[in-house]
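For clarity, chains are labelled A, B, C, D and E in written order, and residue numbers in each chain start from 1.
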Amino acid sequence: MTADIDGIALAAEGLCKRFGGNTAVDRVSIAFAKGRLHSILGPNGAGKTTLFNLLTRDLLLDSGTIRLGTTDISRLTPDRVARMGVARSYQISSVYPDMSVRENVWIAAYRARGGNPFAFWRQATSFPEAGQWADTCLSRLGLSEIADVSVKELSYGDQRLLELSVTLACAPQIILLDEPTAGLSRKEAERVKRVIMSLKGEFSIIMIEHNVGIVMDLSDSITVMNRGVVVAQGSPDEIRGNRDVQEAYFGS
Amino acid sequence: MTEESLAASQAIPSVKAGRRTFALLKAFAAIAAVCVLPLVMPINIATEILIYGMFAMATNLLIGTAGLFSFGQAAFFGVGGYAAGYFLAHGWTSLPLVLFMAFASGGLLAAMIGGLIIRRLGIYFMMLTFAFNQLVYYVIYSWHSVTGGEDGLAGIRRPVLDLPLIGSFSFDDNRSLYGLVCVLFLLSIGVLARLVQSPFGLVLAAARQNSRRTISLGYHVPALQLAAYVIAGAVSGVAGALFGMLYRIMPIDSVHWAASAYVVFMVVIGGQRSMLGPVIGAAVFIWLQGLFSLAWTRWPLLLGLFVIIIMTYLPQGLVGLASQRWMRAIKRGARV
Amino acid sequence: QKTGTVTMGVITPTTGTFAYAGDLVARGAALALEMHGSNVLGTNVRLLTRDDEGKPASGVRRVQEAATSDGMRYFIGAYSSAVGLAESEVAQREKLLQFAAGGSEDFTGTRCGRYTFQWSAHPYTAIRATLEYVRKSFPQKKTIYTLTADYVFGHALLKYTRIVAAELGFELVGNDNHPFGERQYTQYLTKVVAAKPDILLLNTAGADAVTAIRQFANFGADNISVVGPWTLEVDQLAELAPEMRTGLILGQNYYPDVDTPANKEFVAAYNKKFAALPGYSSAYAYDAIRTLLLAMENANSVEVPAVIKALERMSWDGVLGRMSIDPNTHQLVRPYFVARCKPASAMRHTADFAEIVATGNAPQPSQLNECKQMPEL
Amino acid sequence: MLWLVSAQLVNGIAIGMIYALMSFGLSIIKGLLNIPNFAHGALYALGAYICYSAVSMGLPFALGLLAAFAGAALAGWALQRFAIQPASKSGYLAQLVTLFGAALVIEQMLLIGWGTIGLSYSPPPLLRGAVNLGFTVVPKYIAFASVFSALVIVSVWLLIERTKFGAYLRAGIERPDTTRALGINVDLLLGVGMMMGAGLAGLAGGLALPLVGATSTMGGDMLGIAFVVLVIGGLGSLYGSVAAGVLVGVVQSLTAIAAPAASTAIIYAAMIGILLFRPQGLFGER
Amino acid sequence: MAVEEEALLSVDAIDVHYGRSQALFGVGFEVGRREVVAIVGRNGAGKTTTLRSIMGINPVSNGAVSFNGRRIEKLRPHQIARSGISYVPETRDPFSLLTVEENIMLGYRPGSPYDLRRIVGWFPDLAALLRRRGAELSGGQQQMMVIGRGLALGPQLLLLDEPSQGLAPVIVKKVGEMLTALRGEDLSIVLVEQNIAFALSLADRVVVMENGAVVDRLTADESRQDPERIERYLGIH
């Protein structure tokens, strides 16, 4: 597979996660290649978001190992993992409502630019690098105009764009996107698609998305999950041709 | 006083020119206000307002900025006061020493308690702070030989500041103690205001709004919150020490959880979203308490009604009211 | 400061745990002044009432304020000893004369001061008077179980209970300490009932004691007599239903039936003004203010040092009887009363709770006193 | 020793049921507004006073209890309508502070209405005296109060669990707007729930009258214990309140044997221990 | 259909404000009985605000909303819901502590044609989840649950805010089938959608919004004949 060419950015071995009696992720082994865009498809409740949560250590593993490059991160805390270059966007927008758009991005940019979070003796404004980087990320998603608007006042679609912008500001190596175009109008979805396209190559991207058009256009490889297990894996064309996937996912 | 609003959320976005001079202006206004305070009220009340102002500001670092609803801050106020008081009552009267003791004991206790509870969320955190407050209360209450138990720690002497060359300076006089309290008060305003606008303050504010997101951005949120908890505890400890010096007694009810509730009162009626809100809350609260108690024996009823009315009509507290008025005035001025 | 006016403070709780006492103290003080004509040695006397909330810090704050802003030089009124002791420090420093009341022996012991006088009887006096009565009237009752409030006041009572029990030949068969503010006594009372003592001695006071007696009444253990040497003042007897009260043996700092001319005059005036009988709180305030005014006249001065010196030498007929002050401790030397509660059927009016059955005035043995040398003025 | 322990155990269970009743109401209000009701103690005191007035007017004790329930429920409604609801737009903490304020107001009104001297009432003749169990005696009234509390708790519990009321409550708290959009009158719901919780506090106060009398500060004394019970049992777990009430009663009774002075400190320490190791409480669900 | 004669819902030139800023400017449209009206528009156009105003969650500052000939813009949300309108929010707003069954049945009123059985019939995925708590569902499962919750009220008019969002194609298809099936019953729908194809496959009429105002109204036929017309508003090319 493609993985061998560029090396592995992130790999999981035998991941399991149970909620009570229900196994949301069941012995999933998966590898994500460096610099590639790898999509995860699957019906609702397949375990995609749970897999993300495991990879970023937001949830504790029941069993399995996760390797970032050559480092075992299965026991690290989520903030450590984030500092090692794994950034994510959430399926449900997860922004700071009492802050402006720019501040939202700044918080991510400051950490990404190596700012010390305990620096209580200096003004936040005395760190121009973070500010500049935040502005760059905002303009990349076309949010510069509304940078000073309070986030409470944004429409849902704009919140989704902001979510992406924040993720970008983490300046990660690996980006995990959970349904980045959900709730976006065609035009915005198109913009997000272009942004993701431009990120490809720069970063390793893992994406969950129900918009099949976008998945097929962007992905280098696709993994299909159902009921917590991986049911298919391959290039977009292979997946399109897979009968089982057709039935379970597209319903035809 | 000015209707200053140094809310974390305003620190970054627009670094407009003139902001700095404005801030300077506000600082002068604060200093001026502090200087005239003893002219308009008995000096012990003025001193008390500044002490509780400090205490309330420190508490607001937790409540307003970090969103950690602590109902146990009196434990740190009390422990700082008892620690300093113990030294002062037993003949160690060096000012730096006792201030350090208060700062360190408040901070240390906060580090110990905070280390255990900082990961607990919402109402659980609230209840834990309450329970620890009660535990500290019972320890101080029963440790009679050191703390004086229910009689309070009595016999506290005022400290002495030994300056090389100049000689030693005593705070026996109420006016000189007021001076000392003033200096420490302004210092803590400066430090806390700076802190709220710093990256540390911003990230705390971010974690208040969405802690999971903040962690996923690479911040170790519990460590930051613990730091805030310790800072608040240490500053509260100093406030407690000053209180002990003022009345030369450290009363047991200063550690009771009701005292924690009262400081939350001050923060909320003053306004959580600004630096001076809690101070104004403290001033109004203390002043009203005195006023009402002269007016009617059933005065807590008036106090209760006052709080209910403020919360009903002024969502942002007293400072919210002031700044609304002010903004409107500015707009009107601009139109003319 | 107003010249030509003497300002006396009544710093007393009108809110908090002792809220019931504040108004009564203020009444007594006002009455004493009114009967004296609001004026001493041609100088106007003014009363200042402040709420100490039953908290030491508030008490200290109010005293300090009244002293600096209102020129107060004399004050009375603290109801809890913790408050009174805290205020006593301000009194020594600001040179204010404090006429305190309260159960703590520290006022005239470890924390005695030249500016502070204690109106209430000494715990030793109280226990001695009460147990002497029990010994005489119920010679068959020998064993005592004590229930003690777990703070200074309770411990002091317990200490003197041990001393007096040894003096009079009682046997102490058990003791339980309960925390201050306890509302649940059945777990202690279960133990008491199991130990079958002759006497349950309550070394606890105020609301705690009321609650304990109430709950003890639920046990129906009639063969155990309840004795309170310093437990419920007459003010609080109304809090108990008559059937809970009947038969209680209680030590009293004051009782309206006290048969002295000064008290008769006081009760009559009080009854006329407030249509009620005075209790401990009012009597304390009345007698304290009356005594201060008397001392000013004796000293022929309204200056604090002169008044202190006069008090230290005085011996007079007060509300309680013949009284004097021990110059070494500033303890008021005065009679203490033992009262026995009546059944509802024997009550002549609604406030006729008990009758005085004995008095005693044995002072604390001086070798037990911890007041060091009184300082110079 | 053994008989002493069992005596204290019996006593602890009986007292614990009364604690449970108190914190059961607290638990309902906690579930409702998601805040600890700092005015709960004041409502408890109010219940005791109302009950006292009713019985001293010559009504039977049962009616006194009913009046205590009704009066406190009414106060609870007023509290919701005139304090909590207006403050809710000012945020969570504002509601909390308002409840403090309300507690002050209620306490002072009790002093104004009933005077500063505490009040006593002996239980009806039928419930006076004690039952002898051989190894210990239990006052009849305490036995009655605990059985009565248990009955009240069970019936209210059934009311909540067996009807949709409970689901409405939880929904209304989490997302008032969405719940309204489903045709549920959230404000009415909060009012009714608050009345129920407050009423139970009043009932507990009425029940406590023969034991602790009526004083304006009695609420503050009880509030601490009620919180401890609530937290140990698990916030929002009705079932937990009962078990924890009994547990606290028993622990208090048992420490009375060895170290009575520590009994209050011990329950706070227990609360801390439980919160640290089982933050959801003994019976709470995450 | 005689829409003009007897509209079920008529929104008449409403203005809506958030604080001082205006979000809707004279928005007006009508929904006939058994009709499906789609509202489309870019992010921030005001679609959600429109639905929330109909529901009474956002107050209307000017204009009128009538339902069944009765003015409702001053009513409170629960009264509006009881008069027969139900709303499925785009943020889903599941009740996280209630079980799925409780979530769905919360607003159920005896007499509603949509009981738990039928709802689970449309979304068999939910059958196994009924005892689960609302917070323990995946995004898509929540979506199914809240559509069910909206139906359980037994409304005459259903306001659906982006129901296809986050659903796998197979489920989107199912939702489409379900909505088509519902057309046989006494139910009208206002459908806010970003998935234009999905919206057009169901709608009788389409309302296009831009910057808080209605900028175009089309019938199903018109939109099919001239697909470019909608695309222009949505800003593709």
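We take it that a residue touches a chain if its C-beta (ideal position, glycine included) is under 8 Å from a C-beta of that chain, and two chains touch if they have at least 3 such contacts.
Predicted, not measured: the structure shown is a model, and the values here were computed from it.
Asker: Treat each pair of touching chains as one step and give the shortest count from chain A to chain B.
Answerer: The least step count works out to 1.
Asker: So which chain is the furthest away from chain A, centre to centre on CA atoms?
Answerer: Chain C.
Asker: Among the chains, which one keeps its Cα centre farthest from the Cα centre of chain E?
Answerer: C
Asker: If you average the CA atoms of chain D and of chain E, how many Å lie between those two points?
Answerer: Here chain D and chain E have centroids separated by 44 Å.
Asker: Measuring centre to centre with CA averages, how many angstrom lie between chain C and chain D?
Answerer: 35
Asker: State, to the nearest whole Å, the distance from the C-alpha centre of chain A to the C-alpha centre of chain D.
Answerer: 48
Asker: Could you put a whole-Å number on the gap between the CA centroids of chain A and chain C?
Answerer: 75
Asker: Which parts of chain B, given as residue numbers and ranges, touch two or more other chains?
Answerer: Only 298, 300 qualify.
Asker: Find every residue in chain C that makes contact with two or more other chains and list them.
Answerer: Counting only residues that touch two or more other chains, chain C contributes 15, 22-23.
Asker: Taking each residue of chain E in turn, which ones touch at least two of the other chains?
Answerer: Residues: none.
Asker: Between which chains does touch occur?
Answerer: So, checking each combination of chains, I get A-B, A-E, B-C, B-D, C-D, D-E as the touching pairs.
Asker: Over in the complex, which chain B residues touch chain D? Could you list them?
Answerer: Result: residues 63, 69, 116-117, 120, 123-124, 126-128, 130-132, 134-135, 138-139, 142, 261, 264-265, 268-269, 272, 298, 300-301, 303-308, 311-312, 314-316 of chain B touch chain D.
Asker: Please output the residues of chain E touching chain A within their complex, sorted ascending.
Answerer: Its residues touching chain A are 18, 21, 41-45, 48, 90-91, 125, 132, 136-141, 143-144, 162, 165-171, 173-174, 194, 196, 231, 234-236.
Asker: Report the residues of chain E in contact with chain D in the complex, numbered from low to high.
Answerer: 55-57, 76-78, 80-82, 86-87, 89, 93, 95-98, 102, 106-107, 109, 149, 153
Asker: Which of the residues in chain B come into contact with chain C in the complex?
Answerer: 42-45, 48, 144, 149-152, 154-155, 174, 243, 247-249, 251-254, 290, 293-294, 297-300
Asker: Residue numbers of chain D touching chain C in their complex, please.
Answerer: 3-4, 7-8, 11-12, 14-15, 108, 111, 115-123, 128-130, 136-137, 139-142, 210-213, 215-218, 221-222, 252-253, 256-257, 260-261, 263-264
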